[in-house]
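Chains: A, B, C and D, in written order; residue numbering restarts at 1 for each.
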Amino acid sequence: MDTFLFLIFAAIAVGCGVIVVSQRHPIHSAISLIGVMGSLAVLYLLLGAEFIAATQVLVYAGAVMVLFLFVIMLLNAGVEPPGGKSWPVRLLGIPLLVVLLGVVSFLIRGWIPVKETVVFGSFTGGGPRDVGGALFTEYLLPFEIVSVLILVAILGAVVLGGKEID
Amino acid sequence: MMEQLWLIPALPLAGFVVNGVLGRRVSKAVVHTVAIGTVALSFLWVLKTLSALMPLETAHVERYGTWIASGSLEFALEFAVDRLTAVMLLVVTGVGLVIHIYSVGYMAHEGGYYRFFAFLNLFMFFMLTLVLANNFLLLFVGWEGVGLCSYLLIGFYFLRRSATTAGNKAFIVNRIGDFGFSLAMFLMVVTFGSLDFAKVFPAVEKMPVEAAAGVVTAICLLLFVGATGKSAQIPLYVWLPDAMEGPTPVSALIHAATMVTAGVYMIARSWPLFTHAPLAMDVVATIGLLTALVAATIGMTQFDIKKVFAYSTVSQLGYMILGVGVGAFGAGIFHLVTHAFFKALLFLGSGSVIHALSGEQDLRKMGGLRKHTPITFVTLVCAGVAIAGVPPFSGFFSKDEILLAAHHHHPWMYWIGALTAGITAFYVFRAIFLCFFGEYRGEGRPHESPPSMTIPLIVLAALSLGGGFLPVPHFLDPVFPAMEGQHESALVFVSVALGLAGIGVAAWFYVLRPGLADRVAASLGGLYRLVYNKYFVDEIYWAAVVRPVVGGSRTLLWRVMDAGVIDGIVNGIGGRARDAGRLVRLLQSGNIRSYATWVLLGSVFAIIGMGLAGGLR
Amino acid sequence: MNFYLLTVLKTAVVAAALLTTLAYLQWIERKVIAHIQIRMGPYRVGPHGLLQPLADVIKLLTKEDLIPAHVNKFFYMLAPFLAVSLALISIAVIPFGPEIEIGGTRTWMQLTDLNIGILFLLAISSVSVYGIALGGWASNNKYSLLGSLRSAAQMISYELPLGLALAAPLLMAGTLSLREIVYAQSGYWFGMIPKWAVFQMPAPQVIGFLIFLIAAFAETNRLPFDLPEAENELVAGFHTEYSSMKFASFFMAEYANMVTITAVATTVFLGGWMAPFPAEYGSRLVPTAVLGLAGALALYHGFHPLRPRDRRTLPVVGVVFLVLAGVFLLPAVQSWLLPLFWFLAKTGALLFLFIWVRGTLPRFRYDQLMRFGWKFLFPVAVVNLFATALLVALFG
Amino acid sequence: MAGVPLAWYLILSAILFALGIAGFLFRRNLITMFMSIELMLNAVNLSFVAFSYKFGRVDGQIFTFFVMVVAAAEAAVGLAIILAVFRTRKTLAVDEIDSLKY
């Protein structure tokens, strides 16, 4: 069952990821990205990170991507024009990606023993109580800093977005 | 006990700051009140200090802190007062005060009034620093500072090309001397590990004359190079006559009374060094004597009244150098003091004449002025008799003491010195006679100067006449080594006679038989022209030194070295950097995706490297 | 019984019930509004228009499914599907009642209990904006786009006070699991007042409940916040271009959202399936009494009909009600039927409130809506949360 | 139940990350590029959670949480910047926005 779920949602994630990258229209990319995020949330659940899974949907799918969608609609962003000016990308892009993926996969295979498996339900430390406990004790300072950061970000966004540029 | 010596130079400095910053905006009255007030306060402070310190058997030292500390080397900010300093302080502040007052009248119609007084105050500051300094480095600060002020004031009329050229000349020639001074200081640091008078002099005292000879002679000769620059000795005297381009009070204060005597002061101050270097002393004495003679002969032929007195200054400085060179330090300083009085008086008097003639300086266009400017005439005659060594006036005492010392040293020095004294008497009275006797040969209406100018003249005249009775040599006795030797009446008579003869010849040539001088000059022909053209020294320097240096600089240093090699290297580096930049600039396309590719490239390398290095394990 | 089989069974039951409810909620709304406006409402199809939903469904299904030429087909099709499925999915975590035993099998009257139940609800509700947003955008119509933009902004804006209002009772319950939240509200003060969140010490969530309700109106795009589909400004907003079953899907989604949000309000604020007063005061007789009264009334009106048709229909209804009243007296079913009754009663009351408000209040202007949300509701929610936190920390 | 090898999760994360890079490199639309960045962040998050599982500690999830928060902030500011860019340049094509060079 674990393997089944993993394969299904990994496939969805990769498929949606491919669509994100391959689609020329930002809306398609955005919706596919939501798909990736949703399937990742399920994978988080499989890994025992319930709180993170919910937050993933809540924050990413529910807030961030809505923002993206909103901006896409606001700017009426259409299909991107063909052609590009970047010769390094054309020259190096694909080979570098292949090398990167190969090397990283190789390294992962080297580092993580194959017999080390993920079994659903074997890790139960990802509930809201556990995460919250760590967040408000050990990670209190980063948490506060991040809260200030997001406040600043909001102010910045309001200023940037609200300014009339002539 | 602190006597707050720092106030003495600080007061004129305050005057400089006030006038320099605010002078442009305030009235002339405020400017000269500030300038004179600060100098007067400084003078009074000198008096108060000296009276408080009075018998002054030993030096009074005040330390204000460490200036430079580097390893074992330490230079202190120290001022010191001993009897020598006391004399110098009185001369500088006293004469300085008188000349400041005189300047009010002289500069009344000139532009840059506040600038003049600011510079004058600045000069006072540096001169007093020089005098008060307790180590060679601080002395050098004052030394350079007065040089700077001299440059600024010579070039005071900076719109006149000759003035700026003269300023540059003074500056450059002084640099040569200062170079010697600097080398002397380096050598002293190497030899004694210090520049403090209190450390250097005892150290050299302990050395036996023979052991010290080499290095101390070198130090002394280098110091003397500095002195030749500052005190206008052969071969570096050429700047002083040109320095007359500055306003006359400047000539009087800086180029007669105070700054140019700094070399004499410096040598007297470092007498322990010089007494350990007999060879250097001989060189000093010879140069001094030679300068005195040469300058005096040139003085005979000049027609610019200030040039005459300028060469006279050079000549008299030669006397002083001769004095310190033959070991008569006290006499040298005494002559410095008296010279400060009568030479300042001569310059101020000539300034008064020039003022009266609205800027005319050529003796050939003067004459008969004694009716128009009686006070100036009388005071100038006082100065004349003083410089001519007529007893019992001031020049007589100081000059004769030097000549006697010279005779004790080497008799021939006495004879040349005495001859020079005669020539001196001749040219000074030649100038006086040409100026005040005979018929008026110029245009315009001469007029007597205002009281602000005549009163200083009178003061200085009184000092010139009576200055010889000041007990300066006696006062200085404890400072300097004892001078053996006797007062030989015969020699005194000879020199006085030569002086009176000089006056007489001058009267014969220029009062009784006008025109005779021209005929004599014509009959001497080539010799006269040689002297009249100042022995072509400037031309020789031009041909031998200036042109090769300028030409060499222009072709070798500028065209080849600077433009070719150095610029070539620099431009080459710049050019290659730009070429490299042009290549690297291809990366900087402004295209975010290209940047991202480079980032990706880098991270791939980083990850591969990490994998090769063993990674996270 | 097999876990999977049971789950499928429960899902089927809940889905059927929910879909029926949705269909009839529409009928109820029309009826209620009609009565508010002193009209009859649906009356022709079936007795008292009871078959009207069925007729509507048939009509919508058989209508021509228009796909305008200028739309983005994929998203045009996807949007209503997204909307309705996301709306239906959140009912999965709502507990309707306690653990029960039917035929030897013990199970919870809940599809699944997550220990992050509230977060799940919030997540789903935050995602549910996509249906409307995409639908509006894919329609390629300026009214639709404006409607969807409005709805996106509105839902994001009102989600904040909604979440904050929800957080306050969670502080007292100390859990995110909906089931445990309900249990945290069991019991009575002084043996009388229910320990529901709205009455709970130390911080009664009356204000929180009001904030939640207001935000819920906005979240479900209901009047007075139905800007995305304001007929007189935007024709019909995001679903202008939709017809047939896709249009129905949007409608279903709206009503499903309403049901969900009222169910959540019931669960979190109103004690879920807990009875409003203890059994010893006869709370278990309330359903019987209410249904019996309703049956009796129906019978009375059936025998004294105002309209000829009532003579046939109302007695039938009365009999049904009386039978139901009898059923509630059976001890065997009481254990699960009573909680369900209370839950449905509370939810139904809130749904009636929704309909009532729709029939009563006018529509907000858009800037008023935004200002109200950000400048009033949000700060009040924050203050409420802080006050609750303080009180819980001091007395909890 | 055997479970899924942990390495698969990590490789899935790597694949998603590579996809994100690819999107960033090959897409020419500012918004899509931005979304590719989000994709990369998500991939990294997956790694974090996977490692959190591997070490049996909640720290990885905390990190994921922080990444999410920062991503939200980033999205807000980034989209505001994109809005501003679009207002001035009237384009979203990233190759046209290249005035930041030498």
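Methods note: a residue touches a chain if its C-beta (ideal position, glycine included) is under 8 Å from a C-beta of that chain, and two chains touch if they have at least 3 such contacts.
Owing to the predicted nature of the structure, the values given are computational and were not obtained by experimental measurement.
Visitor: With contacts counted as defined, which of the two, A-B or A-C, has more C-beta pairs across the interface?
Guide: By the number of C-beta pairs in contact, the winner is A-C.
Visitor: Please identify the chain lying most centrally, where each chain is represented by the average of its Cα atoms.
Guide: Taking the mean of C-alpha atoms per chain, the most central one is D.
Visitor: Which integer distance in Å separates the CA centroid of chain A from that of chain B?
Guide: That gives a centre separation of 84 Å.
Visitor: Quick one: chain B and chain C, Cα centre-to-centre, how many Å?
Guide: 107
Visitor: For chain A and chain C, let me know how many angstrom lie between their CA-based centres, rounded off.
Guide: 32
Visitor: In whole angstrom, how far does the Cα centroid of chain B sit from the Cα centroid of chain D?
Guide: So the centre of chain B lies 79 Å away from the centre of chain D.
Visitor: On chain B, where are the residues touching two or more other chains?
Guide: Counting only residues that touch two or more other chains, chain B contributes 589, 591, 593, 596-597, 600.
Visitor: Mark out which residues of chain D touch at least two other chains, giving numbers and ranges.
Guide: In chain D, the residues touching two or more other chains are 21, 25-26, 28, 95, 98.
Visitor: If I count partner chains per residue in chain C, which residues reach a count of at least 2?
Guide: As it turns out, chain C has no residue touching two or more other chains.
Visitor: Touch graph of the chains shown: is it line, ring, star, complete or other?
Guide: Other.
Visitor: Which positions of chain A touch chain B when the two form their complex?
Guide: 84-89, 92-93, 96-97, 99-100, 103-104, 106-107, 110-111
Visitor: Going by the contact rule at the top, pick out the chain D residues touching chain B in the complex.
Guide: 21, 24-26, 28, 33, 94-95, 97-102
Visitor: Give every residue of chain B touching chain D within the complex, in rising order.
Guide: 585, 588-593, 596-597, 600
Visitor: For the complex, give me every residue of chain A touching chain C.
Guide: Residues 27-28, 31, 34, 50-51, 53-55, 57-58, 61-63, 66-67, 69-70, 73-74, 127-128.
Visitor: For a test of understanding, state which residues of chain A touch chain D in their complex under the given definition.
Guide: 1-3, 6, 10, 13-14, 17-18, 20-21, 24, 26, 29-30, 33, 36-37, 40, 43-44, 46-49, 51-52, 55-56, 59-60, 63-65, 67-68, 71-72, 74-75, 77, 80-81, 84-86, 89, 93, 97, 100-101, 104-105, 108-109, 112, 114-120, 122-123, 125-126, 130-131, 134-135, 138-139, 142-143, 146, 149-150, 152-154, 156-161, 163, 165
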